[in-house]
Amino acid sequence: MNFEQLFLTVLTYGCLFSVMTVCLNLQYARGGMINFGTVAYFAAGAYAYAIFTQEPPKGLDQYLFGFDAPWWIGFIAAGVASLLFAIITGWPTLRLRGEYLALTTFAFAEVLHSFLLNERRIGNGSVGLSNVDRPDFSAIGLSENYGFMLSAVLLLILTSLLCRRILASPYGRAVDAVRDDEVAAEAVGKDVHRLRFEIFVISAVPIGFAGALYAMITTLVSPDLFTAEVTFFVWIALVLGGEHTIKGVILGTLALVTFEEVVRSLHFETVRAAEIAASVEYMMTGLIFVMILRWQPFTRFAKKGATP
Amino acid sequence: MSSDLLVVENLRKQFGGLKAVGGDDGLSFSVKEGSFVGLIGPNGAGKSTTFNLISGVLEPTAGRVVLAGTDLANVRSSDIASLGLGRTFQTPRAFMSLSVLDNVLVGAKSSGENLRSVLLGGWRSSEPALIEKAKAALTRVGLEDRVTETVSNLSGGELRMLEVARQLIRDPKILLLDEPTAGVDPSLQGKLSKILTDLHKEGRTLIVVEHNLHFLFSIADQIIVLQQGELLSSGTPQEIKTDPKVVAAYLGDEHAA
Amino acid sequence: MTLIAQYFVTGIVTGCFLILATIGFSLTRRVEGFLNIAHAEMLGVSAFIAWGLNTQAGWPFLPAAIVAIVATAFLGLFIGRLVYDPIRNLGPAVLLISSVGVAYVIGGAIDGIVGTGIRSLDIPLATTYKFLGVRITDYQMIVVGLAALTGISLALFLNKTKTGLAIRAMADNPALAASRGIDVQKTSRATWLVASGLAGLAGVMLAMIATLSTDIAFHQILQILAVAILAGLGSLYSVLLSGLIVGVAMDMSVYFIPAGYRPLIAFAVVIVVLLVRPEGLSGRSKS
């Protein structure tokens, strides 16, 4: 097992997924909205990036659009695509509450997945788009691995700062008030719909950026990379981190990614053994998840040392 | 000159098949600007439902509410609140994850509540003034020592006072208070009565639901009596005390005592 | 025209299967008050127990199916008591999220024990009958028959038996039910047994009419959700109608749009119903 490689992978993916958990934390722990379609905003960003940066279709390509734009335009397009998808899905659904919202967002994500899978003109259907363009880090003297790791760290830092800025303001106070008691918040003139909608939409943007970065790292976008499993993964990480503080959810995500990568880096003699290991990893994840929800150790800890 | 600030016309509310407010013609009454109205009636008379209908928490089955010339049909409760209406609730409502001070600050209309101001940081300059205002409001309701505490430490009566403070910082034109003295410590009740009298003097309109009739009759200038969702009587405290209908239906026991 | 009729009949069969798969889910939602995402995994548990006994241990299908259903019922009861009972006061959202964790554990266990790949039961090949040009197999007819039978038995159970009446009382108003002397614990246990047993039955049916792979549960939960939402979350009798609607809509859609979009119909149902009429067919208000 190559320690440096493991370290880089954990840090890169850990920060990448942390961007999503930090945003989900904003939506759920602060905004009170259960978004069970997180993967859709991630996928929207990744596909937008791939479509904007790829070359126009030729030969066997079935996709319709390719703009051959530089990476940073693709990156911006990823944020915009995620933002637009959040507006489209958030506008009609946010008057729904709790499990109803969870189900609708989940359904929207599955609809998007189904379109990406079946509508070949978007991104070659199940084959996906390969050889996704990536920025060149050699210009600033970095190897690719370190370049992407630093990009992920940077994106996470910026996302955390954005969330912190929002939450530590009167705006965050109003958001908290709406989550605690909508009726009382409305009785002092808080526009509950606007606040929920804005939080939902703004927290989708970094998820879109994360999608773009993910596409750069894997150089491939295909429907089977963006299943509901990604959503569940981020939710598990969120719960693992104790739901409340930015620091907590980042630690939770890093722990989960480390766990997965370590299991993945183990060497198995047979395919069957690897299969069993994967299943055990799955079961362990679920078990830890259920136990944390049951006893909430991190939440208690976080509440004691809560930052305003 | 005083005019009608709040007009309630033929208001009716049904839950399933059950009438909560309004008989065949619905409930009608009006409140003049600057008056202090007591809303009384036995339990289940529809007092809190009337408040919920006026403040837009509930949609009326029929009839309408007009506030300062604006018909409130299809106006959201947050917008009604922004029109200058403040209210408290029968069961006190607090924002449990926020501190006492923040609970009051939520009542303020801060410039830091739009995203642009938050992202650019422009709200910071106005915040200290708001905090001073919030502290003043807390002092007024007698919670000045509890500013930094979490609300879970407050008693039921203190939560009621907290709700009042949250409304005070908003500077409402008309304030609807639902049983403000229930569960409130007698020492604080004196403070409350002073606050209400002061608000009245400042020219604000008050509607107060209250079971403590001595408290209410001593400061209100108009009393509305509801029974089973319908208007039983309306008039000055003196008129109400001697109204045979009211005495028979509601005040009987106390009058005899 | 015959083709449309064929899709319609297949849709009815799909619908009947969905009814079996959803009733237990809706019952849990009604009595326990949350969406049990792991319900679909119980279908998988039952299907693979039946498969294991039938093909690996060489049992005949019927006893294998019965053991699978009973085992699934008790596993459901066990999980309900172990996982959900202690956290009930944390609210439906936490229960819903927890059930995702439970689904992971069960799904991982099935994956680990059974392994990937496509399986099918060791039972005689289906006999196809033809009515007016429309084909239907004997196994498909069993599914339809069992769905009808289940609907009737459930109605009898909920209306005539003491436990059934207790379940209904608890579903309508838990506090009131408790104050009227209904044993809440016992009723909750009965609910888990019945709901998981129904999942077991649906799982065995699935094994009978389709090939099995370990990721079936995920595909089922999406359709179960669609049926439950169309019926109105937690309502039981409307499931009979909404199951048929979703089943027929999915299978008939293949006539009009590419087959790949068939699962999409279920989500279209979820989205449209939740946005237009969140209370579903039953008309019960969501509060």
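The chains carry the letters A, B and C, assigned in the order they are written, with residues numbered from 1 in each.
FYI, a residue touches a chain if its C-beta (ideal position, glycine included) is under 8 Å from a C-beta of that chain, and two chains touch if they have at least 3 such contacts.
Since we're looking at a predicted model, the values are computed, not measured.
Enquirer: In this assembly, which chains make contact with chain B and also with chain C?
Expert: A chain counts here if it touches both chain B and chain C, which gives A.
Enquirer: Based on mean C-alpha positions, which chain is nearest the centroid of every protein C-alpha shown?
Expert: Here the chain at the core of the arrangement is A.
Enquirer: Could you tell me which two chains share the largest number of C-beta contact pairs?
Expert: Most contacting pair of chains: A-C.
Enquirer: Please flag the chain sitting at the greatest distance from chain C, going by CA centroids.
Expert: The most remote chain is B.
Enquirer: Counting only Cα atoms for the centres, state how far chain B is from chain C in Å.
Expert: Centre-to-centre distance between chain B and chain C: 49 Å.
Enquirer: For chain A versus chain B, what separation do you get between their C-alpha means, in angstrom?
Expert: 44
Enquirer: Mind checking the centre-to-centre distance between chain A and chain C? Centres are C-alpha means, answer in whole Å.
Expert: Taking the average C-alpha coordinate of chain A and of chain C, the gap between them is 31 Å.
Enquirer: Can you list the chain A residues touching chain C in their complex?
Expert: Residue list for chain A touching chain C: 34, 92-93, 96, 98-100, 102-104, 106-108, 110-111, 114-115, 117-118, 228, 232, 235-236, 239, 272, 275-276, 278-287, 289-290, 293-294.
Enquirer: Show me the residue ranges of chain A that touch chain B in the complex, using the header's touch definition.
Expert: The touching residues are 165-166, 169-171, 173-174, 176-177, 179-181, 183-192, 198, 202.
Enquirer: Contact residues on chain C for chain A in the complex?
Expert: 34-35, 83, 86-87, 90, 92-94, 96-98, 100-109, 111-113, 115-116, 218, 222, 225, 229, 233, 258, 260-261, 263-264, 267-268, 270-271, 274-275, 278, 286
Enquirer: In their shared complex, at which residues does chain B touch chain A?
Expert: Chain B residues touching chain A: 55-57, 76-79, 81-82, 86-87, 89, 93-98, 102, 105-115, 118-119, 121, 123, 127, 130, 166-167, 170.
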